[in-house]
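Encoded as structure tokens, here's the structure I'll be asking about.
Letters A, B, C and D name the chains as they come in the text, with residue numbers starting at 1 for each one.
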Amino acid sequence: MKKIMNTAADFVDEMLDGLVGAYPELTLAGEDKRVVRRAAELRSGKVGVVSGGGSGHLPLFTGYVGQGLLDSCSIGNVFEGPTVGSCSDAIAAANGGAGVLLLYGNYGGDRMNFDMASEFAADDGIETRTVLGNDDVASAGPDEREKRRGVAGIVYAYKAAGAKAEDGASLDEVTRIAELAVSRTRTIGVALSPCQVPGSDRPSFTLGENEIEMGMGIHGEPGIWRDQLRPADEIVDEMIGRLLDDAPKDAGKRVSILVNSLGATPLEELLIMFRRAKSRLAGEGFEVERPLIGHFATSMEMAGASISLCFVDDELSSLLAAPAQTPFWTVG
Amino acid sequence: MKKIMNTAADFVDEMLDGLVGAYPELTLAGEDKRVVRRAAELRSGKVGVVSGGGSGHLPLFTGYVGQGLLDSCSIGNVFEGPTVGSCSDAIAAANGGAGVLLLYGNYGGDRMNFDMASEFAADDGIETRTVLGNDDVASAGPDEREKRRGVAGIVYAYKAAGAKAEDGASLDEVTRIAELAVSRTRTIGVALSPCQVPGSDRPSFTLGENEIEMGMGIHGEPGIWRDQLRPADEIVDEMIGRLLDDAPKDAGKRVSILVNSLGATPLEELLIMFRRAKSRLAGEGFEVERPLIGHFATSMEMAGASISLCFVDDELSSLLAAPAQTPFWTVG
Amino acid sequence: MGWTVSDIAGAVGRAHTEMGRLEQELNAADAKLGDGDTGGMLKRVLDRMAALDLSGVEDAGSALSQLARAAAAATGSSLGTLLATALLTMSRELKGQAEVDPSSLDGLLAGARDAMMARGKAELGDKTVLDSIEAVIVALRSHGGGDVGPVVIGAARDALDQYRDRTNKRGRARMFGDATVGMDDPGMLAFKELVEAMAR
Amino acid sequence: MGWTVSDIAGAVGRAHTEMGRLEQELNAADAKLGDGDTGGMLKRVLDRMAALDLSGVEDAGSALSQLARAAAAATGSSLGTLLATALLTMSRELKGQAEVDPSSLDGLLAGARDAMMARGKAELGDKTVLDSIEAVIVALRSHGGGDVGPVVIGAARDALDQYRDRTNKRGRARMFGDATVGMDDPGMLAFKELVEAMAR
């Protein structure tokens, strides 16, 4: 696998350099410069919304720092959690005195680091809450939802919580909204070909010539089945079927859908998938609103796609529609 | 190469179905439904801006139909020009009585069809002008600029002409702006791995295990050299060098830069490229403004990237900053 | 004694039938120095042209104009658009005529050739379908009279043979440069095969 | 008598040296049931720890606290963060002491184990580094006295052997389920190798 990069050791730092060089509304912070934050002064009294995780998933996470979304992000090496120090720095950067929500994907390493940082934050008098993205239905059964990994669907929680915080809501309220968005979001992915971590001498996994894996995670975590490639409509039908089977009890009949490229899969194919997903959902009596189609949470050059459904109500719907201005997601 | 699709014959039509299904502000038009147009009524007296070309380059072209950018687009099969009929239908869809600008890439088939359609349009009393994107410096020498192919840099002309037309400018003025943007824009691409046309049984070209091709076109047209992969900074230095060597005579010291993924190359790598490009340009005394980084003009799942420079002045700069609202490019 | 609309429709029908056999052969020729779609494209074009009902049409100009529009609607590829251009140009010349005089064929083709050159910006000698047409015009001009069919077919064959060992200078094939020497240009090959079918 | 800061620094140095050999071996173990970075990660962690200058430090608690911060700064991966947690917990216990009494090791490790369990939410028996630590604690408690080195090493080896044929229930390895039977847990393997190096 060929990459346009310099050295593996500089991959993340050069990427971050490029990011803040391109978008002056973002800036790097923290001892290791592994925190991306809004360049503008914090609005005092605003609840901070912080995320973070390993690199290699752009636009997730750092591309969503900005007005109406995240305040800051701590970033680790490719596919490796951020350090405790970076998590602490990200919390400090987002602290406007009204508390900070830690909103990130449910991965062991990330949790340990954010947990530890939030203990340090408590020592410093900063109140934090934690909400974990756990949208990946392929990673554990419905009875073990708390074990599920967080994948692309976390952007719904970012958007809703970010809009709520921008509105001046309290930490309790912002936390409630993030929990609501997480509880209403389900994702499943399908992988066609692997990616390769910079510096590694081989791809992160292998798939046969004509093979796909349903349910694979964004770091190549094992999925549900591996089998021959099949027509898009069949793939989408299975994905939508699995998501609807797992729909939250309080889901109504309104749904936002995110068709996300894992990297190499082009927009043409996402639109072909969306077409089928929408007609399947309509067939089940759902109204599809505010579709998101494109690169939202990637695994570098992995080929494949994920579909997320967010079962919205009036409250979530209006928060998703609220204005936001970040490098890779602008609304309104 | 694996694709998430149904049949090759339905690839484009299903993609278009997905597009207008996702974005109700767009709609299909024309006898063959191979025209994407704004759903809203045409503003009478507004100059129309039309583009078109083969499929397989999303977001180009259809993803840029909308407020402040294009009025309509005719679309052919993958890597094949749109029919004369579709071109005629796209012109009709963009005709608000003040004339229509045809703004598309310099490819033989596309030119023949748009030329013919513009003759039909003349018969029907619709005045048209044609401006061809020819930004690819690798496709012919500076003395033969009129032979150069149009690639990603055409989005600068879309944006400037689209904003000017939205302002209510005359066909002459909108044409002048499109010509200005084209004359100020230069692009070069580098390819790392091929794509595959749906239905074809092999990739569009082959590259060795560790080989790249400098200057390759977006349909795999032959470039300048083929050699071993090298560090990102070296690649970018050569690309920026070639672009600056070819800079228009009237270029000032302000430049907008577009770092575009050809498909599979992830944002991380684009940012690493941008970082070097910016510092190289700064070293040459340029002020970099309004960078564009992401997927703008792709070749499906081809790996590689292109860099475009648009040497702006006050007029172009303010047109690039004007509001626009389309599925894959929103400004302001 | 000229060709009526019904003769024209018959020739189109024969060309259409021939495409069943020709499609893969032309695709293969285009795959070597282009993008491999000449046969599939011409099949789609002739499907549409043959589907036209010209039975009520008297005016040969109107018939050719309808055929031109059918061709243009079927494809956006180079050869298809050039064919539509040729048909449109000839249709203008024939406006109001119920019959086409075979002895006017060289003039009609010359008009078509000029329009195609204007449309596609190719020169004679670039090894394209234009060189087949030019060869036919030249042969017709030095031809005494009588049946034009064998003259057209002979010229189309000779052109194909003469250009085989030259270099393509236009269209996608241009990019392949000297690698095109020894290969039939797909447009010229298609021209020869289709006039053979039409003249049958 | 007890271990001084200089003894601690020496042990860190030996572990660091050992990483040169161990890096690829641990990566390979992690590649089979994780993401293949355990070795690279520990290398970075030990690079940072070994780079600390502890020569002026008298207080063992302060030394461990500095080592904990160095580990935490070097990585965000699971094992690295758990190591930092363990060091931080022990550093609090040792605050103000110039020497670490070897007979207090079981208690120190028990404290570390509890903190790691709280941090990582794993249970004993999940086949993680915790099970190695637990085995060492148990062995130390039934140990009469004298040199603790062989006890620690023996327990770490036994734990690795005993758990090899069990299933990983925590961390990335959990996803591989029964495919982990017969494989060494990379964290347990690292533990064994590093205590061997430190005890040398």
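As a working rule, contacts are C-beta pairs under 8 Å (C-beta built on N, C-alpha and C of every residue); 3 or more make two chains touch, one makes a residue touch a chain.
Computed from a predicted model, the values in this text were never measured in an experiment.
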If you walk touching chains, what's the least steps from chain C to chain D?
-> 3
Looking at the contacts, which chains touch chain B and chain C alike?
-> none
Chain centre separation (chain A, chain C; CA means) in Å | 57
So, what's the distance in Å between the C-alpha centres of chain B and chain A?
-> 29
Would you mind pulling out the distance in Å between where the CA atoms of chain A average out and where those of chain D do?
-> 32
Residues of chain D that touch at least two other chains are none
Pairs of chains in contact here are A-B, A-D, B-C
Given the complex, residues on chain B that touch chain A span 2-7, 11, 14-19, 21-23, 55-56, 58-59, 63, 190, 192-193, 210, 212, 229, 231-233, 235, 263-275, 278, 291, 293-295, 298, 300-301, 303, 305, 327-328, 330
Listed in rising order, chain A residues that touch chain D in their complex are 31-32, 54, 76-77, 79-87, 108-113, 115-116, 139, 197, 200, 204, 217, 219-222
Spell out the residues on chain D that touch chain A in their complex, using ranges where they run on.
-> 35-37, 41, 69, 72-78, 81-82, 84-85, 119-121, 170-172, 175-176
